[in-house]
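Shared chain: subunit A. Partners: subunit B in the first complex, subunit C in the second.
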Partner chain A sequence: MVSLQSLTALGKREATIVTHGPMTITERTDVALASLAARKGRMADLDKAAKAAGVPLPGPATHRTGTPYSAFWTAPEIWFVEAPYATHELIADLLKTAFGESASITEQTDAWVAFDLAAADLTPVLERLCNVDFSFVPAGYATRTVMEHLGVYLIKHDLGAARIYGPRSSAESLLHAIKTAAHSLW
Partner chain B sequence: MTQSHRIEGGQIDRSKTLRFTFDGIPYQGHPGDTLASALLANGVRLMGRSFKYHRPRGPLSAGSEEPNALVELRSGGRQEPNTRATVAELYEGLTASSQNRWPSLRFDAMGINDKLSTFFAAGFYYKTFMWPKSFWEKLYEPIIRRAAGLGSVTREEDPDAYDKGFLHCDLLVIGAGPAGLMAALTAGQAGKRVILADEDFRMGGRLNAETFAVGDSQGADWATATVAELASLPNVRLMTRTTVVGAFDHGIYSAVERVSDHLPTPAKGKPRQVLWRIYTGKAILAGGATERPIAFENNDRPGIMLSGALRAYANRWGVKAGERVAVFTNNDDGLRTAIDLQAKGIDVVAVIDSRDGGDLLPGIRHLRGADVIDTSGKLGLTSITVRQGNGRSETIALNALGISGGWNPNVNIHSHHRSRPVYDPTIAAFVPGQDGPPGLLVAGAAAGQMSTHAALKTGRDAAIAAFDLTTVPDLPQAEDAPVKITPLWHVAHGKGRAWIDQQNDVTVKDVQLAKQENFTSVEHLKRYTTLGMATDQGKTGNVIGLAVMAELTGRSIPETGTTIYRPPYTPVALGALAGRSRGREFKPFRLTPSHHWAREQGATFVEVGNWLRTQWVPKPGETEWRQSVDREVLATRKSVGICDVTTLGKIDIQGTDAGAFLDRVYANTFSTLAVGKCRYGLMLREDGIVFDDGTTARMGQNEYVMTTTTANAVTVFRHLEFCRQCLWPEMDVQLISTTEAWAQFSVAGPNARKLLEKIVDQDISDAAFPYMAAGNITVGGLRARLFRISFSGELAYEIAVPTRYGDALLREMLAKGAEYDPIVYGTEALGVMRIEKGHVAGGELNGTSTALNMGLGKMVSKKKDSIGMVLSQREGLTDEDGYRLVGVRPVDPKASLTAGSHFLEKGVAPMAANDGGWLTSKVSSPHLGCDIALGYLKAGDRKIGQRMRIVNLLAGLDTEVEIISPHMFDPEGERLRG
Partner chain C sequence: MLIHHPILGPRDAQEFVYLGDASLIDRPDGMTAGVDAFHDYLYNRTNPAGEHQELWYHEQGDRSWLVVTRNTVTHEITKVELARDVARARGRTK
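On to the complex of A and B.
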């Protein structure tokens, strides 16, 4: 029987945690991710299924936290759904069961690397990385932006907590960019 | 004597002493000094040599408009040429050198240019050095270029880092003088998010250089208090040492923050500068005004400077530019300098006022209706010649002269969207026009409001106007003197040279010559004379130049017009524009799931877009890449090889219309594809040219997985999204990229199935999983995908697992399949095998080729409509004698082929008219034992078996070749169906 051992996006066995000055960067390997897109004309069905399954469907530019599912809006009638990896490794299958033919669901867990950023105020570091007005946007803000040429999702949980989803294959480059920005400051 | 010219007062910290050197000579200054103020404090006036004539020069100004005092700052990799000494903040250990001189600043052999000035007049050399023609580029121009110039560029790499960043605000205030401070205070107190940026290291602008009172305090003290008040507001961001250099579209401004330029070296890990992109709803330009000189003979000697600069050095920096000082002015502001200097105890020997009549300054020799007509002093000013109103001349011994020809509002940034400034005769200067960047208001001297009161008021009013504010701060009392000026642009006297643009050595004579040659338009004047084309963009010279042209042509200044300004406002280091994108960090990398394994093996990587793909994996003893590649090819064809193909684009396509959607975007049909099967697809552009290719698998009734080429992964996805959102929004289709979600490996070779049977949980026999089958499988219970497709021509599969397991899967396949001697092959071996098999790739998918060219014409279905189908049938694209893909091998197996070589018939001349086509891809085939190639050959499908020539004039090749089928290996496909 084949038994495969996973590596993180940074090529390690364990998630990477980097602390520099007041900021901590934590690689999150424990998040399952799937895209949820409404089929044409099936939004009402999708809404109903989401309520039943406990999947939040936040509005544009918004992330909503829930248990076990959290979600953020990525495009009209399209969301990314998060859940704990330990219990939802097969998140796409679970969602397909919940949403049936009302939605197109695609596994996205390993398409992305997730970094959680924590500090008293992340504004100084993020203003060196992307053009998001981080201090101004409310908690729960989620957007697509660009950091050092990389398309990423940025979610603001509060002024001192944010998550960045970046392309998995460029995890090292993205982490380097975040660390470099931190070193510029602290 | 140390700091012999230091006088009382000023905003410098005399409790600390800073040591620095200029041309190797040690000096001392204080925190708060600029290099120029510190040198002047030490009695050093000579700081540079001019661009063309190598004339001795000292500082003309005390700010960023400086054209003369340009030095090379620092040394080694940090050497920075053309640094304006007037804004270079003094720090302990600063080293500066003069530039554009040899062997020394005091004795510059290139000063001979000044004697030969006739040969360097505007345009002279273009008209003179005409013969022989070839000499211009090889001889004349290099000599002229060497004779002229500014600083030198270090050949060393810049060791410092530069950041880029993004800021957002409601109001950007550009300039922290009285207008800017008042604007920021007004908006800041109203709760607006304000950024106040100033290029100086001390906010306050002109208030720091004046003795005016604002309210109950000195202007500088009021500025300090106001800055402190602004700093206490959490919604206000104060940015000193930050120059707003450009206004761009949609309320975006760029600014360079010099984070570490005032330090010997940046702190570890800290950037030297940050280039900010500022997004703002409104902006207020409060950039003040720049004084301009008056042109007269020899008006460029060290010791001659702008009157306001003379005053600034005395008031702000506690420096006297000379012991005996005079002022030459055409306006009342020059009188202020005389008054301030005299109050400082400096001997003001005369005020030469070009205006007639009016009140005389008490206690100062005030000559009205007089002009300065000449000066003397080899390396610095020693005397001036004054022509008095009665016509008599007088020579006055002195060592500093302040000139005031009036003040030009700093309209630059307002012009960045091509707004043309308009002439205001009341101040004899150009003020901002009406059509500036949207949202940009102008206040203070930048708007032509020259008094302190007007600056404060217009700053406040601009903030009120920007936000319709009702609660605003009171205005402090301040001077409100009107501008009293009688324009004088140049003193008509004698035949000597009178400088207008001191940085580019443009004189009144040059303007006269331009007029003589009929280059009278301001734009022609600029190009002909290079007026305003130096790094200072003519901040002190432009208006004089066009005013002189106006005088010469008899037109008014408004009729003559003005040139406008482009970003950047002041020079920006290329490092700041590059930011972190340099060297290995020029762009991010994408690493494949097998990257870490490949690195352990010492693999060679090739950049494919941002991907680092394994190119080949050398084994011990292999000293040359061909050995590795040949081994990988032969081993794969003999047993089994594994290649990481994760980089191919993967697009998940779902929805009830997914099949119909694919029928429209692909030239061939996919709606009929059975679930669990995959098919090769050809995608055309709207113009009928092939866009991309790849296999697409049907994973479910409404679910497909498309693969694209690595190169086109993004463009194909973008194209599909365009089709979905814009062309056919009625279709029920959802798309998402899954390129990174799956680690995918090609497993190819006769033993591919046997190896995979040790990995995959399901039955993958030929019966259970035939050629072109696709499906979800498991690997040790882990979700996975399997596709039976082949790019190599071998029995082959592509197996995919979640990316985090990619590394483990590769290692497991190598370990579990050890009995089959599996090897990992890279992109080179991949290329060899695909060419042997006749598959098209980048060389053939070149953006100009059709399906017919590739021998795939039958794939373009006429039974349905699809993007590009109609236009692919255009006459010219369907020519029977058009290019067709062929295989090529040399008649002599030892002969070499080179991609890019052209087909020629035997015996014809190698001319374009005889060109039969070209080789698109070439490899050395270990299987066939010779070079082989693919190529596009006219009527190539009818020339199979013929012999032709392959000619490459650049490589010197003329090789006889045989035209063969592009399917050079296993043409019947027996191996891949095995």
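On to the complex of A and C.
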């Protein structure tokens, strides 16, 4: 029997953790992701199913944390749903069962790389990376933006905690950009 | 330049891609409208010096299509709507 070992987006066995000065970058390999899009005219059904399944449906440009499902808004009537990988590896199948014909669901886990940034204040790093006014936007803000020419999602948990989802095939470039921004500061 | 996105608020114009005249929404029915109507739709634009309705795409944001009313002389933006709402108001989609 073939024995396969999973690799992270950076091609390693273990998640990468980089510390530079007061900032820590942690690659998150323990998050399962799926996109959830309402089908035409089925928003009411989707709402009902979301309540039953405990999937939050936050408003525009926001992220809402829940257990086991968290979610952030990506476009009108479209969300990204997050869950712990250990228990929800088959997140798309689980959501498909919960939402039935009311929504279109796409597995996203292996399309993205997730980096958690932690520092006392991430504003100086993020203002070097993207055009989001990080100190101004509220905690729980989630938006799509551009870093190093890559389309990414940026989620602000608070001033010192943020998560970036970037394209998995450009994981190394994104990490390099974040490290470069950190090195220019500290 | 800032574009006041109807859902996301003011966003940098660099996040958007410009497509062109919003009359592109009014595509004639290919089965009944005839060749001339389609020729006009494809090639003819009014190109006004003044108020102009344009299609912009929020490429680096939520990827929505917008109809932006912009003065081509002063670049003042007077109105931004979701293209979906505009198309529905014109009876394009149900």
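Note that the second predicted complex is superposed on the first by the 186 of 186 C-alpha atoms of A that agree within 3 Å, B and C clash if a C-alpha of one lies under 4 Å from a C-alpha of the other, contacts with A are read in each partner's own complex, and residues count from 1 in each chain.
One rule holds in what follows: a residue touches a chain if its C-beta (ideal position, glycine included) is under 8 Å from a C-beta of that chain, and two chains touch if they have at least 3 such contacts.
Just so it is clear, the model here is predicted, and its values are computed rather than measured.
S.K.: Regarding the shared-chain residue A:144, is it in contact with subunit B (first), subunit C (second), both, or neither?
M.R.: second
S.K.: Which touches a greater number of subunit A residues, subunit B or subunit C?
M.R.: B
S.K.: Touch check for A:8: first (subunit B), second (subunit C), both, or neither?
M.R.: first
S.K.: Give one of first, second, both or neither to describe whether A:172 is in contact with subunit B, with subunit C, with both, or with none.
M.R.: It touches subunit B, and subunit C stays clear.
S.K.: Does subunit B (first) or subunit C (second) touch A:61, or do both, or does neither?
M.R.: In the superposition, A:61 contacts subunit C only.
S.K.: For A:131, is the partner it touches subunit B (first), subunit C (second), both, or none of the two (neither)?
M.R.: Both: A:131 reaches subunit B and subunit C.
S.K.: Of the two partner chains, subunit B (first) and subunit C (second), which one does A:70 touch, if any: first, second, both, or neither?
M.R.: So A:70 meets neither subunit B nor subunit C here.
S.K.: What is the contact status of A:107 with respect to subunit B (first) and subunit C (second): first, second, both, or neither?
M.R.: Only subunit B; A:107 stays clear of subunit C.
S.K.: Check whether A:181 is in contact with subunit B, with subunit C, with both or with neither, and answer first, second, both or neither.
M.R.: Only subunit B is touched by A:181; subunit C is not.
S.K.: Name the residues of subunit A shared by its contacts with subunit B and its contacts with subunit C.
M.R.: Residues 131 of subunit A touch both subunit B and subunit C.
S.K.: Touching residues of subunit B toward subunit A in the complex: what are they?
M.R.: Those in contact with subunit A are residues 161, 163-168, 193, 269-271, 274, 277, 279, 580-581, 585, 587-592, 595-596, 610-611, 646, 652, 654-657, 702-703, 730-734, 736-743, 758-759, 779-783, 801-809, 812, 816.
S.K.: Can you tell me which positions in subunit A touch subunit B when the two form their complex?
M.R.: Where subunit A meets subunit B, its residues are 1-9, 11, 29, 35, 37, 39-41, 78, 90, 101, 104-112, 127-133, 136, 148-150, 167-174, 176-177, 180-181, 183-184.
S.K.: Once bound in the complex, which stretches of subunit C touch subunit A?
M.R.: Spelled out, the residues of subunit C in touch with subunit A are 7-8, 12, 14-15, 60-64, 82, 84.
S.K.: For subunit A, which residues are in contact with subunit C within the complex?
M.R.: Residue positions touching the partner: 60-61, 74-76, 131, 143-146, 151.
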